[in-house]
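Think of it as A, B and C in the order they're written, each chain with its own count starting at 1.
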Amino acid sequence: MPAQQALLRDAMQRLSMTRNAFAEKLGVSRRALDTWLLPETSSERRTMPDVVARLIGTMGLAANDASAPTELRDRLARSGRPHLLSVDVFDRDLAEEVLRVAERMEPIARRQKVTRVLEGAVLGNLFFEPSTRTRVSFGAAFCRLGGAVCDTTGFTFSSMAKGESIHDTSRVMSGYVDALVVRHPEQGSVAQFAAAATVPVINGGDGPGEHPTQALLDLYTIHRELARAGRKLDGAHVAMVGDLKHGRTVHSLIKLLSLYKGIRFSLVSPASLEMPPALVALARERGHKVAEYDSVPKGVRQPDILYATRIQKERMGGEGLEAYPASFRIDRAAVKAHCAKHTVLMHPLPRDSTAGANDLADDLDRDPRLAIFRQTDSGIPVRMAIFAILLGVENLVTKDLRDAVWRT
Amino acid sequence: MPAQQALLRDAMQRLSMTRNAFAEKLGVSRRALDTWLLPETSSERRTMPDVVARLIGTMGLAANDASAPTELRDRLARSGRPHLLSVDVFDRDLAEEVLRVAERMEPIARRQKVTRVLEGAVLGNLFFEPSTRTRVSFGAAFCRLGGAVCDTTGFTFSSMAKGESIHDTSRVMSGYVDALVVRHPEQGSVAQFAAAATVPVINGGDGPGEHPTQALLDLYTIHRELARAGRKLDGAHVAMVGDLKHGRTVHSLIKLLSLYKGIRFSLVSPASLEMPPALVALARERGHKVAEYDSVPKGVRQPDILYATRIQKERMGGEGLEAYPASFRIDRAAVKAHCAKHTVLMHPLPRDSTAGANDLADDLDRDPRLAIFRQTDSGIPVRMAIFAILLGVENLVTKDLRDAVWRT
Amino acid sequence: MPAQQALLRDAMQRLSMTRNAFAEKLGVSRRALDTWLLPETSSERRTMPDVVARLIGTMGLAANDASAPTELRDRLARSGRPHLLSVDVFDRDLAEEVLRVAERMEPIARRQKVTRVLEGAVLGNLFFEPSTRTRVSFGAAFCRLGGAVCDTTGFTFSSMAKGESIHDTSRVMSGYVDALVVRHPEQGSVAQFAAAATVPVINGGDGPGEHPTQALLDLYTIHRELARAGRKLDGAHVAMVGDLKHGRTVHSLIKLLSLYKGIRFSLVSPASLEMPPALVALARERGHKVAEYDSVPKGVRQPDILYATRIQKERMGGEGLEAYPASFRIDRAAVKAHCAKHTVLMHPLPRDSTAGANDLADDLDRDPRLAIFRQTDSGIPVRMAIFAILLGVENLVTKDLRDAVWRT
């Protein structure tokens, strides 16, 4: 797409403006704008005057018209309610728009800039299952937007112990806070919460079910890591290694990646821990190549992305492995033997560093290909983006930014 | 009270101003003001010029003079200390003034407006007994005023496990925070906390003792629900149903309601769970009609308010019922049989939704008379009002309000 | 040091300015400034014009040049990393500079002033061992600087239960927050945290190891209490009483006090609970007088400071005393018998108020010499100072202060 066309389209998208509104904002006729947007091959096409380009430059993100219709929230709210319960809501376009919002959050997430857009708002961070880091990640993301957080970290609400229904708990909390993050050990329970809530609900993980913000931050990381190497996701080779049966992160991630084109998936797992057939079928239906392997040497061959996972003991009951066989250990030697110079090493964390766990190994910690902490860092901008979109402020966040004065 | 007199009195009350100060603010003589305040029957009375009425209109709440003496805090502080430990501190006038402050908090509680009046202040939210929702309600209310919250949710302080006295714990915490909410399973312990504190202490429930903010939000809800129906609390018919022996909310509520005139109380409870005789006697002494019943059909007869309660298993030791007899179940059929079109259905929540509990039933959830969630919603403005009054900022809150930019 | 010289040096130190920068700020030549700084005995010395002294006065603290190099952070960061893990990092000069920063925090800690310098920053308050008050003290201090706090209060991270290393936990949390306070029952574990962190880490107590902010607030209190009585720490008589073997606060405190000159230490403990010989040797090497006693009458003789401690049952395993012998009880009678009119009574708290514990007694609570709550109150300004220094904003805090509008 030629530069002029790209500039104009990007600006309209960022400003959430129609051509009519944008033409008016620029002080030009709709017809003039239309001619600038034509392909270079068209004889009708006109070159936009430099002064207009400069004017668009000054609009930037900070000049976004806050009163413009926010359609992202509505697009997330497929079911008519502004929740984020599952990655199933995403098509490629919507996922990429969310990631673009996350990109805009980076200066805040990196503590260079401060916004107060959610000042006065309160998050209810409800963790019915312990997950300290996920809880802090959501909480910190909300704080970075200027909001305040009320946490519950117990395994249950005291009121639920007294027989209160999920419906009542959810509706009562909705009266106190502006958004709810809910993590719960039982699949489907977060959707029950959402059904009764009058504020946006984000699924922070419901047992073997979904954990959509994890999948989004994985996708965000993959995009950024590939971009650093000048590569693209369409056509990439993605190896997923480990417990692909119980790891909900790989389930959600394969769904999101399947929105792209021509991916080559190598699924590598010990016998009995394979990716569920329905997800393999889904990827194939969408035209991707999927091959399954039971050993690292066979399955990991210079992939662009190597996504390793931990054994999910807590989701297995007594059925599974206590640790990976040594052949599944991804360490310096394995990476040297099977990965390329540009292979991105990922893992949803926590990784099991106890002796004999044979998870992703510590000896890779200084390898620049190890992206696992860039991956967790991405939890902040991605969760900020989700909060901002669900609360309808994604175009306001970058207004009135100021510099952070502290240094870490 | 004629309109002119009412307007002037209300303005002086809202502005916490004496007649002298108010006359000065209006730029008129004290004598002129006095003549406007005389009853219409007086020959001395003068009609206030229209321009003065308009001037008073522009003062509104936002124009309140923040430096005016804040007497509400002093009136709550009967014991000389600005705590809220019991509903016994209230006369009707004081209770209604607190509720008027709560009314002013509604735009903030409804997330239409944002205030930062308590920016820099810190709440210590000390829950020695689990009560997630009450904790979040207090915490969110403090956040909505612009303050920050430090929670403790353990059953005990680690320092108390090391032998520290309530006195020391309270005095130490007073050095860290600006106000304390204390919930504790033992009656009287919150008063002990307050005795040693150097900052305001709010009783968030002390076992079978008091829970004054719950009683205030119940009263607030009753006022609003009756007002919606064009009715008044004086002379109303209030049915209280369920475990009236252990339910501290009904104990506090009957005290507050007894401040009004000519209430007809129908107290309906299973045998052995009756309202304590002292409270029945109190209501009668104050001129109310009190009748006691042991069945719903006999006791619930088209009341204005039906206040149902949960069995307080946790306060009974082993002495009581596990669940209500089926005849105490308040469900759609019971409401149809015994309630009026305008009957307001209330419950302090949580309600026990487990099968066989026979508490207030889910099948009423779409009945517009069911006020239970409007009731919990009211926890925010009422608790905001209490914080604002105890910290002396209730006339400042509505200054410098700005619009909330997010949407839930 | 003559007044002119002292004034100039103090101003340069407060403003963190070199002579060149300071001369420029004053609008005078470097040479003129040099002559004003000469000793009075020098023939080159010149008297500074009054107008310059007045100008310096107007600079005050609030006029500090925020862009001036912040060397305090670098001086704390002996190991090259801006952490506070141990009191061993302090020389007398650095300790006193930190306390001067704490002094500047007092108007905020006393709720007279509000700063928002850390608005947008987030603290991770990680307590792997319960210590409610210390947690709230750190949290409230961070909030008073305008920041937000994410707490973890469990005994372990859920991710650590899944085999995650301290390295990973620390690095992941570093991506979420701007500073970490870590309390942990195992000595050395906080240093492990710090080694992997990319943000400042403060040791909030690591078992029998260090608790450097406690030692700093003790030193701060001693300075202030002595100053109130017109006394100085150099040459003072400090009695430490109780369990000197397990009390890490007295270990850190004796190190800090040993930075001063000519202290007379009286160490009074039951047999088997003596101060570790290495610390006694350290104090002696630095030229202090140290005498050890096994009874209060022998050891406590009109000291300037009496620092009592609690039996550290939780650090003893099963080896030690359950309570002090009655002769170790510091109560009104003991104070009357052994203390001077100006003796400052201190204790790290909590004190054990259970019957028979024979800890510092409640009957001293109205004695003005009892400094224990002024001591805990000091936790706020001292911890604010540490946060401000480690995040590089200690010269910014007092800019743009505004009045607190609430009253406690």
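Rule of thumb we're sticking to: a contact is a pair of C-beta atoms (placed from the backbone, for glycine too) under 8 Å apart; a residue touches a chain by one contact, two chains touch by 3 or more.
Quick caveat, the model's predicted, so the values are computed rather than measured.
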Topology of the chain contact graph, where touching chains are joined (line, ring, star, complete, other): complete
Same vs different contact residues, subunit A with subunit C, by half of numbers used: different
Between subunit A and subunit C, centroid-to-centroid distance (C-alpha), Å: 43
Multi-partner residues of subunit C (each touching 2 or more other chains): 148, 151, 153
Subunit B residues touching subunit A - in the complex, by the definition given at the top: 108, 111, 114-116, 130-133, 135-137, 139-140, 143-144, 146, 148-149, 151, 153, 310, 313-314, 349-354, 357, 359, 362, 365, 373, 376-377, 379-380, 404-408
Parts of subunit C lying in touch with subunit A, wherever the complex brings them together: 66, 117-122, 124, 148, 150-154, 157-160, 162-165, 167-169, 171-173, 175-179, 198-200, 391-393, 396
